[in-house]
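Two complexes are shown next, each including subunit A; its partner changes from subunit B in the first to subunit C in the second.
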Partner chain A sequence: MLSALIWVPVLGAVFIALLPESLVARTRQIALAIASAVGIWTIILASQFDVGIPGLQFQESLPWIESLGLTYQLGIDGLSMPLILINSLLVWIAIYASDPNINRPRLYYVLMLVLGGAVAGAFVAQNLLLFFLFYEVELIPLYLVIAIWGGARRGYAATKFLIYTAASGVLILAAFFGLAIISETNSFDYDVVQSQVLPLTTQLLLLIPLVVGFGIKIPVVPFHTWLPDAHVEAPTPASVLLAGVLLKLGTYGLLRFGLGLFPEAWTEIAPWLAWIAVLSVLYGSFAAIAQTDMKKIVAYSSVGHMGYIILASAVATPLSLTGTVAQMISHGLISALLFLLVGVVYSKTGTRDINVLRGLLNPERGLPLIGSLMVVGAMASAGIPGMVGFVAEFIVYRGSLPAFPLQTLLCMVGTGLTAVYFLILINRVFFGRLPESLANLPRIRWQDRLPSIIVTVLVIVLGIQPSWMLRWSNVTIQAMGMEEVNRLVQVESESTRLAETVGDSESVRRLVESTETVPLTSMTNPNSIAFTPGKEAASDKSTEPLGDRLIDNSLPHSKLKPNI
Partner chain B sequence: MTQTTVAVTHPSSPHALSDIITRLESGGALLPDTPENLIEVVGILKSYGVVLDAYQRNLQYIAEHQFLVLFPFFKYFDGKVTLQKLLKHWWHDRINYEYAEYCMRGMLWHGAEGVDQYLDSEEFRQRAMAAIQARGKGHLLAQAIGSLFPEFALEQVRMLVYYSILGQFWDVMSRMFLDLSDRYDRGEIQSIPAVVEHIQNGLVEAATKPMVYAVTLKGKTYEIVPKSAGLTFLMDAAVPYVEAVFFRLFPFFGTVSYNAQAHQVPEDQAEFGYGALFADALPIGGAGIPPTLLMQDMTHYIPDYLHEVYLKGLRGEDDLRVKIGISFQKSMFCVTTAAMMGLMPHPRTTTDPAQREENRRYLEGWMDRLVHTQLLNVQ
Partner chain C sequence: MDFANLAAQLNTGVILPEGIVLVTLMVVLVGDLITGRASSSRWSPYVGIAGLLAAIVALYFQWTTTTNPISFLGAFNGDALSIVFRGIVALSCAITLLITARYVEQSGTALPEFIVILLTATLGGMFLSGANELVMIFVSLETLSISSYLLTGYMKRDPRSNEASLKYLLIGAASSAIFLYGVSLVYGLSGGETRLSAITTSIVANNGEQSLGVVVALVFVIAGIAFKIAAVPFHQWTPDVYEGSPTPVVAFLSVGSKAAGFALAVRLLVSAFPMVSEQWRFVLTALAILSMVLGNVVALAQTSMKRMLAYSSIAQAGFVMIGLIIGTDAGYASMVFYLLVYLFMNLGGFACVILFTLRTGTDEITEYSGLYQKDPLLTLCLSICLLSLGGIPPLAGFFAKIYLFWAGWQSGAYTLVLLGLVTSVISIYYYIRVVKMMVVKEPEEMSDAVKNYPEIDWKLPGMRPLQVGLVVCLVATSLAGILSNPLFTLANNSVLRTPLLTPATIAPPASGTALLDQPSIHSSNSTLGG
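Now for the complex of A and B:
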């Protein structure tokens, strides 16, 4: 079943590539039909997905190159299900929002479909090499889309994107090979390598290149410089996919392979990750304030908002991990919306310069609906209640505050700064009198409006009813987080170093008991946050980060691994 | 009156708008004579004529039949209140009579010299009081208000006089504009100067038309502004209207940004520059602001030939009101031209150098007032 998510778009791409000349004019409609089919299939999968099962579902396994340890092993769980949904939605939207008169349409839509299929493959791959394969495959279409249909500096931006993300791939591959070699399993299957016991030092040696590799993809500061360039030069649909889905491959990879395979080392580096998150959030936000290009503002905003995911990932409690999923979905939708809107502004005015644009909210000759949606998007990005951004950021902060209070507070500054740069953008671009130079803008078509409207509706609906967003991942995330909690209990019972903190241990046990009795769906209710590990940690006498209190090299590492 | 072109023999005016002065002295108009401008002006004046007719009927209805009605809930219904009409009213798929009232209030506030003189006269007071007393009979609330605030009802009657005068003025103008459209359809109007000439002839023809106002209460007619008051169409309605509505009016919220406390609104009413000739066709946000009400009303009556022109624009129907606003402004420059030429101290074709010089000073005076309007934007 999952194979369809990969192979329908890929075979669709082949079909488009082989289209006779007489049908080339209908390429867009065919691509849209293929993306629609994938979207419908994703909805069917989602409807059959059992949200009560924490592990993998719809698994498929085929031997491939067994001598290399490469098997075609697919599966989906609560972590990847929302990302698959977003991927299918945004691929459809990206194709719909593409210029109907784009040059070389056959190649363009082939690349878009391959991109969508490869990303879906990466999210469902349960073999490390297979994941790497899809991870690398998606670089090629995106590189080509930027290089062929990009802006004036597309060559530079595409090359930079390729170099950075290729470096990311090399680091990830090195980590995967290292894991296979050190563990002597001769297998890259996720469940096999996950069961291996590795000393902490080895875990650290493997985790660090993995973190850097995925950190480039996310991207975290200081590996971020490729992203603004790529966004600025990429056509709008590519920006939508890049911000909406492709960056999530980085955070997904961190959680799946970083936290999932090296949990003890993850705990060790967690404080560092939290500081990297702070750096990304603040740097991204201040850099956004300094920009005059609308797309660069949104791009740097992305750098900042991806930092929230890093922060919550570092904490790795059920609540914070719920926050990572929420923020991945939230950022996927909001950044896609903002890039779509910036794309419309650019296509109609010919500029993205906030010092040139003015008065676009003019009801008659401006872009009133686009401007209104931009206001909604900016509000959502700034975490205004009632929209998905608020829910995600609130859970991230609530989950992260007990473990990393200072870092969380500094990240909260980033939310305030989001309001600053988006208000600057909106004030300059949309308010005031429309200048004569912009008084004759081309007509706005429904094709310009519909994608943004769809995403805006989702941003609002999921803000009002966040359980619809988190229901897929609650049990999986809970399982991941509870492994961390169990580990805490285990550590405290076995470690003499932490013997003095018996009170803590009891409190954690109480926490475990209480968590097990609370319906998992209540995780989406802010009122239910009181029972989370974060809350307990907040009342902890120790202000040390969770990771600092968990380290015990004498423990059997197999007990420390979340079952994901 | 026939259009005559006179060779300009004396030097050009040193005025910044000397080109336009030269054009006016040559028989042209403030608006350049182009086929596009002609279509826009005639087409928009046709729809304006229809809307003005509705406005004038309602203004006169209010003046005559809503006399001192304390709660005029149905003043926009012209005496025909039906559920269908009420629903249409609430749905706003209707003529926005509010615009007409804004214009009336503009005239009332900025004043009309002859009208105000009469309204401050003892004769008016006596005539108005007679009507007020007749209206108050059997109406305890009206009597009580009249006793407590004796000037209140009188001031209301003064306002009703303006309702009536503007209604009478627009009655003439609407027929004039619709007649212009008919003549255009017959091929008799083929240039902007011809449009101006048509309007100028209409103004001259109606110049001495008396402005009167009477109400009938309980079967008895009360002449509040009799013919003997000497108020006439040109000097007591057209000229004050042009001054108030074309030039001064109000700083409508949404059309201009202002801070009255910071003295961004002139303290002297004569310095106001918020009228139709100054109006920005690109309103800043908001909805339902007065000038756009008129544009909205005119959208329903645009002739097909003009609609086709509008549809050729990049935004098609999307910016219809802006296009109408721009066309309307062009047409108002034609009306202004007609008023200017009609009030010129000497015939435009005069050969007397002294008279021509006087005419030039007159036109330069107008240009001083027009220099900050949208005139240059329609050249």
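Now for the complex of A and C:
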């Protein structure tokens, strides 16, 4: 089942590589067909996916290399299902949005398909080494795509991407090694390493390289410098995939391996993570304001918006984790949309400089549809209600506020700043008089419009009906968060006891304060998650399904483990 | 001592593979004289390859049937470890022969002699892998070395080749002398023992557990070994020799000769120096760290492909040494596995370099730019081999590195493993630089060499074998990692079935256990023999 997600694109890539010369002209159609097949398969999987099971589904397990503890173990749960969906969608869109007359089509589509397959593999791998393998496989295809089909400084950007990501891989591998060595079986299987109980210092020692490793990938400030370069130089489809799914590997890894394996240490570093999130959000937003290249603006907005995910995952309550999933989907769609649109503008006008472009919204000679979609995308990104960005950011803030009020408030400033830089962009590029130099733009074809339209529709539909994107992960996240909460309860009672015995130890008191959170009550009484009507009435629609689920499922308040 | 008893003690069947190589060598040498130059250069590579494959088959039979491995009164040990290393040396020579023919042909020198010298070097390497006695070690080491000097200077009209040969000879002779001096110290300290298995007991009996003399001898011996495996700081000859010598020779030196050096290192250090195992581990750790750092960092700055591969091979030796240093079962096994994989990826890389040199006459990295347009197979093969050397999944090199680092981590060699991981990232940079040159550059950025690239013609004499060698390495490099179970089982068995290494696995700083075990092996030998 799940293997098809990996192997259909990979074998398709091999097939394309071996195509006879007479069929090379049809490479694009073949690649699209393969991507469509993967997409349909993903939809079938999604339709069979039981949202009521918190653990892994469609599991596959084959022995591979026992001496290394490497098994071919796949499984999908509510955390990875939405990401797989978005991956299949964006791979299709990226291939569809590729220039039909691209240079060296065979190599290009081979690399794109391998990239898609490897990312899917990383999302479903349930063995640490297997995850690492897929995580590294994705490196070279993207490097080559940027280096061959990229912009002027593509060599520099591609190499920078490669070195940064390879460094992140090394950190992750070191953490995985460290973890597996402690488990007596020397196994890298996720369920095996998860089941062991580690002392706090060990957890911290392993978690920190992991956080830095995934932090490079996400990327968080100060490891973010590769991203704007890579985005600016990458061709549009690569940017779409990079922002849409590849960055999600980092946040997915943080949740799956950081929070999932080192829950106690996670609470220890959670405040730091929240501050890192603040730094990323504010730095990304301010840097975006200062840019003149459209693509750089979107790239820096990516840095900022990925920060929200870190903020919410630091809190790690069910509500905030729901926020992370929502924000991953929302950022995946919105950034893909924005990159697609910027790509169209660039391909038609030949520049991305917001000081040069003007008046593109001109209904006759400009790019009216593209401009309108850009406005929608900017609104979604800035969190205007009715679109997916609002839902995601609202849940993120609602989930994070009780635990880290100050950090959350600072992150909210980022949402405001998003509006600032996108308004600047739209105002300069799309409003005003179209100068003569920009008249007579090449015709827009349906092929330019269709990908953006599909994504826009999704952005709006999921904004109106967010339960369609949250239903996949609700139960899984409750299970994850449930562990979290139980632990919080435990820590609290322990630390209270400590506080009683130790007296007025400052650190202990702080720990108690930090753990005395709203989600505690919210979990013991799911209803309390419902919002006070007057103040947040606007949000009712978006959050209701979530509340409903929380009640409906009425899970036992015991520690839930994925049922393997 | 009657004849039957003597025959049993000599146990000559163990060196059957070497015998086959020797016969092959003679056939090529005499056949060349009889049939004349023109025809002999056509068939001699195939005879050589056939002989080597026959030797590998003989090794396989030795592997499956367990006989007494000690032969020639303890001078040669045909245990599982030596079988694997002899196999690696023979296989590397076979692949080198595949990629040699056209190169030597085109350079206008005689092919049969080249093959004879190469086979002699292989013979030396194979004997070195099983040598169990100091005189035997030195003789086979010199057989390997002197043949290597001859091979490096084989292009006698090329001044660079002459320079390389002279440099190699001078530094090699010096290091041989140092090694011999160390060996003589061991000989003296042990009261005249030459068999490795007896040395330890004698030294302890004569000098007690710790002795400064042993440490001094150890340092000299390690200097000799480090020269052979090109570990920093005994590496200075490598770049110059690699750059100047004929490329097939470099291919053999970087794989076959290096593997023999590692076999020597394992046998000599583990069996003769267990009482100073902490010291030699410490020295080797320093060498490994220096090799990994210097090899990988200096490779960044190279402009010549062969020099870059020279530094890369120094760095790779550093990685392999991790397996030797940690001295566990898994460590030795992953070292053997790494060498097996390294054989294919490095020889594959050199096969591509040879092919490129044949077609363009240059080996500057910049000259590779835009190659994909003219020669997709060469581009693919070189890219795969280089990425595998850099440890990119799912290629064989990735798995080899993971095995090695995981074994290192398991035994607590955190510094070495972390350094290995970091330097692997550095190495990706210079490997990918070549890939970028070949794959990324647009047609208009094509180098002159590539612009004038000749028509690809596999029908020229000697090109078919080169193609076969290329494809074999390509397939092995792509699949040996994913399907690494059988290979790793082989590597693992070679360690488990070697009595020499088993005591070391029980207690890594194995002084006590090894001391107890050595005499028992020795006595069982004599009972079997007598």
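Here is the rule we use: the second predicted complex is superposed on the first by the 492 of 564 C-alpha atoms of A that agree within 3 Å, B and C clash if a C-alpha of one lies under 4 Å from a C-alpha of the other, contacts with A are read in each partner's own complex, and residues count from 1 in each chain.
The working rule: a contact is a pair of C-beta atoms (placed from the backbone, for glycine too) under 8 Å apart; a residue touches a chain by one contact, two chains touch by 3 or more.
As the structure is a computational prediction, the values presented were derived from the model and not from experiment.
Colleague: Once the structures are superposed on A, label A:P363 by its partner contacts, choosing first (subunit B), second (subunit C), both or neither.
Modeller: first
Colleague: Answer with first, second, both or neither: which of subunit B and subunit C does A:L162 touch in the superposed model?
Modeller: In the superposition, A:L162 touches subunit C alone.
Colleague: Given the superposition on chain A, which partner contacts more residues in subunit A: subunit B or subunit C?
Modeller: Higher number of touched subunit A residues: C.
Colleague: Looking at the overlay, does A:L441 come into contact with subunit B only (first), subunit C only (second), both, or neither?
Modeller: First partner only, subunit B.
Colleague: Taking the superposition as given, does A:L133 touch the first partner, subunit B, the second, subunit C, both, or neither?
Modeller: It touches subunit C, and subunit B stays clear.
Colleague: One more residue to check, A:L173. First (subunit B), second (subunit C), both or neither?
Modeller: It touches subunit C, and subunit B stays clear.
Colleague: Between subunit B and subunit C, whom does A:I464 touch in the aligned arrangement: first, second, both, or neither?
Modeller: In the superposition, A:I464 touches no partner, neither subunit B nor subunit C.
Colleague: Go through the superposed model and pick first if A:Y143 touches only subunit B, second if only subunit C, both, or neither.
Modeller: A:Y143 sits against subunit C, while subunit B stays out of touch.
Colleague: Shared contact residues on subunit A, subunit B side and subunit C side combined as an intersection?
Modeller: Touching subunit B and subunit C on subunit A: no residues.
Colleague: Could you pull out which subunit A residues touch subunit C in their complex?
Modeller: My answer: residues 64-68, 103, 107, 129, 133, 136-137, 139-140, 143-144, 147-148, 155, 158-159, 162-163, 166-167, 169-170, 173-174, 177-178, 181, 186.
Colleague: Hey, which residues of subunit A end up touching subunit B in the complex?
Modeller: 359, 361-365, 431-434, 439-444
Colleague: Under the definition above, what is the set of subunit C residues touching subunit A in their complex?
Modeller: 330, 387, 392-394, 398-399, 402-403, 405-406, 409-410, 417-418, 421-422, 424-425, 428-429, 432, 436, 439-440, 442, 484-485, 488, 492
Colleague: Inside the complex, what are the residues of subunit B that reach subunit A?
Modeller: 280, 282-287, 313-316, 318-322
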